[in-house]
């Protein structure tokens, strides 16, 4: 039978599920345009396939079902490919590494990661994110609060004093904190962990998975991946454009 | 026209109707009397199927009640009923109460039905209350609307449950005059009432009930001048004494 | 005990009570009669403040109605009222209907109140319906519960609005006997009724109303044998004729 | 800082309008359909047929008892496994209509049951057909009991429509979440989202109040 | 997603669901009690003659019903601290649910009270009962009978709304399912299990409602007016 790639070519459309979880990976820009690091990579994929791209914008609850039910061909979000998750979906090779970091309000008495280990410290994490698990191992005595609703909510909770320290993906924290006046938060230099990020597709689309891995190889070799990451993740250059 | 054959009815353990056998001919006027709680209301409520009977047969206008072949809705259009507690529609004016069924059941054109309704209300002395809602009417006025509502349907059989209980003596005689006129036009009627004047004037038969059973039944003359049972003698003597 | 001085009341444009002046002495029994819609119910409803009056004075048991200094709730515990439409509490049994106010308003111990309630119900012939709910009672039975409920409060003044309308003649005389007994114990009473036998037996005065005004007022003997106005003459002749 | 945030919020107004439009269209369609269906189900349920009545009862319980997210999830993601493929908008309308119908059914049933038996008997006795009894006697009286919770249900439903973002529709609440990523003042953003819902819901509440007053007057209502 | 439905994983996550269920139950129970209290007070205010009580009660009820719980939650969680009140998440959650649901409950109770025939009120007045006694012995018991079904509806809305509290880090039933969905990428398992548990709660509530209906019960049959 025809493979997924043939289907995509035939319909002339690549259907990508995104989560719009916030800068720098996926966001809606100042003028209402959908953009971000992952979004641009997906657009690049479609361009290389020679088809147009359709973004399906789900919130977290809808993301996995969209992929598993075949509503989307692939899933582009800053997801950590854990072994447990890998039992259900096919992850590509990691295209970048990040990790969870600890951040606090700038004038807080918690200056270092060590400070946050004190008993009863209120630590804000995202529900179900890898940061949640890492916080539990790194701060066994702390009071972990899992919020649902995305990275910006964590920053809001820290900023408002509902929690003392936050733990989240470092790129997300950096990207999202730019919305605040400079210097609002202290972001600890050390990472709690090193985490790969990958795209995902279904196991019944082996041709697409192979192609996506090939795509990642290509863009790393020709530097387009690095350019994307430098623009979005490793600096806040994107801020002036979006 | 109405025929009870060995009818029994229970409310829980209470045998409200005991072995009722009674036959009412077309154009006959039957008055039902008896002490409070003796089952008079229940008896006439059975006739238009507001209460179901447990055993025995009840045939009304040639149709057996409880028989699946009997179209109860059709049958009920031929039976007028005036409730002891009036049951006026609170959301309709006096006139609307009277015209509702003629318009929707009898399919009489609205203007015609309203004309007839006004006349009927005038007949019972309510020409000036045509547009009042039940809550704005005195007890006696409500009862008269209920009577007009029943007359408006021009049924073949009319059942009245104490139709003059809320009226003053003056009004009683007016309403009874209306009923006498209807009776004289050849209507089949069963009237629960203790207006002995009415019974003497138009009833062909008086039925006396006690504790769910028909104790005595006869012409008004027989019944009033020569009651056969001790129970009815006692009842009559109390009426006369007071 | 009850004193109306130039009382007027309107329902919208309708002048239901016109210039009522009437004084009822302690221990006096006054019967109010008159055609349907003449304002009898409204008149006695004013006495316990169920209707408010527009001008004129109404003084009950030494307290002026409408006066801010008058404690209406207190005053009402001294006034018993039997409604034309009974208004029994549907969620309470007959006995509970009778004992509710004595227990909670008069603060009579429950067992004592129940004892008294049973006796009252027995007095009106309902010994076997003590635990029935209003929906399980016939019209006449409901009315008797309403009367027992009023008696149970042992008020100083009793107001009855057609207390025997739903009763058969036999029961009427029994209930009237109960009322006669109460009257003879020296109760102040106003009774809207058309039971002329009762009026003759216990009333010190008969008040005849028409179209909101008191047309005539006098002893029963005067009123029945020698009515002064044309209106009352006509009313009486209709009663006698029928 | 507030000023600066307001400025960047202003840029998002086309997005917000689109979200508001989605919320309004979704809720309007499903409210109308849901009301019709809900009244129909309610009337059927109080009708004589035990089987129909039990079936409706079971369905209503199932829908009222489970989270709306799960229902919409099943319709959009699981139904395709049985060959029923719907686009997000249609799935949203179906899910919301069904939800509305089930809640409204219960409200209607309660209203119908509150009408005194004497009223039904009077209508029976004058030979009104089942539908006429409903239409002329029972429903108008039931509406007094039905209207306040019905409007409550409407506004709840308008707000429940936000769950459709799980299947990729961008409604007003979703816009809030998108905007809050760039303007991290959740209090301000969701205050504005609240204002958006208020603009939709408040006229509905006012309308209901008016209707209620009119019906109350006809019934000769008194204060306590 | 259904063909590989994994009951084993659900069983593995059952303890988590159990904890979530317990939290949801007591959280909702407290909040509903609060909502009833808020609702009764608001309804009583709304039924007064004087504008002094009626106007603020109406304004509150309208404002709360016309805005989403999410915005209200935000206001309480992030807004109150700015006014100097920092409250624990659970308190904020219960407060938000009570205040929100209370507005709906108030309307339900008001409708129930207004459905009582005026003759009933008059009978209470005439026997000298105070306002409170009338409410307690005559009006509320009859009103409750009509309001039980819509109150049940509101209760189940509240139970489900309590899921929103996972936004402010209260971990309840829905969260357990979401964890299963995001740890294992098993959304069908996660969400269907949640649905089953909520359904369980629903039937529990329904049973309670039936019980309380019998408590206030009265025979329908013939009416007394």
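By letter and in written order, the chains are A, B, C, D and E; residue numbering begins at 1 in each of them.
In this section, contacts are C-beta pairs under 8 Å (C-beta built on N, C-alpha and C of every residue); 3 or more make two chains touch, one makes a residue touch a chain.
Protein identities per chain, from UniProt: B, C = Phosphate ABC transporter ATP-binding protein; D, E = Polar amino acid ABC transporter inner membrane subunit.
All of these numbers come straight from a predicted model, not from anything done at the bench.
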| item | value |
| --- | --- |
| If a chain touches chain B and chain E alike, it appears here | C, D |
| Inter-chain pair with the most contacting C-beta pairs | D-E |
| Chain C and chain E: spacing of chain centres that average the CA atoms, whole Å | 45 |
| Euclidean distance of C-alpha centroids - chain A vs chain D, Å | 36 |
| Centroid spacing, where centroids are CA-atom means, of chain A and chain B in whole angstrom | 81 |
| Sequence positions of chain E contacting 2 or more other chains | 1, 78, 82, 118, 187-188, 191, 220-225 |
| Sequence positions of chain C contacting 2 or more other chains | 85, 136-137 |
| Numbers and ranges of chain D residues touching at least 2 other chains | 69, 73, 77-78, 81, 116, 118, 186, 220 |
| Residues of chain E that touch chain A when the two form their complex | 1, 77-78, 81-82, 86, 89, 166-169, 171, 175, 178-179, 181-188, 191 |
| Touching residues on chain B, where the partner in the complex is chain D | 48-50, 73-81, 83, 85, 87-91, 100-101, 104-105, 133-136, 149-150, 153 |
| Contacting residues of chain D [partner chain B, same complex] | 116, 118-119, 121-122, 124-130, 132, 136-137, 140-141, 215, 218-220 |
| Residues on chain E engaged by chain D in the complex (per definition of touch) | 1-3, 47, 49, 62-63, 65-72, 74-75, 78-79, 82, 104, 107-108, 110-115, 118, 121, 131, 134-135, 139, 146, 149-150, 153-154, 156-157, 160, 163, 174, 187-188, 191-192, 194-195, 198-199, 201-203, 206, 220-223, 225 |
| Chain E partner contacts - residues on chain D that touch it in the complex | 61-62, 64-70, 73, 77-78, 81, 103, 106-107, 109-110, 114, 116-118, 144-145, 147-149, 151-153, 155-156, 159, 162, 173, 176, 186-187, 190-191, 193-195, 197-198, 201-202, 205, 216, 220-224 |
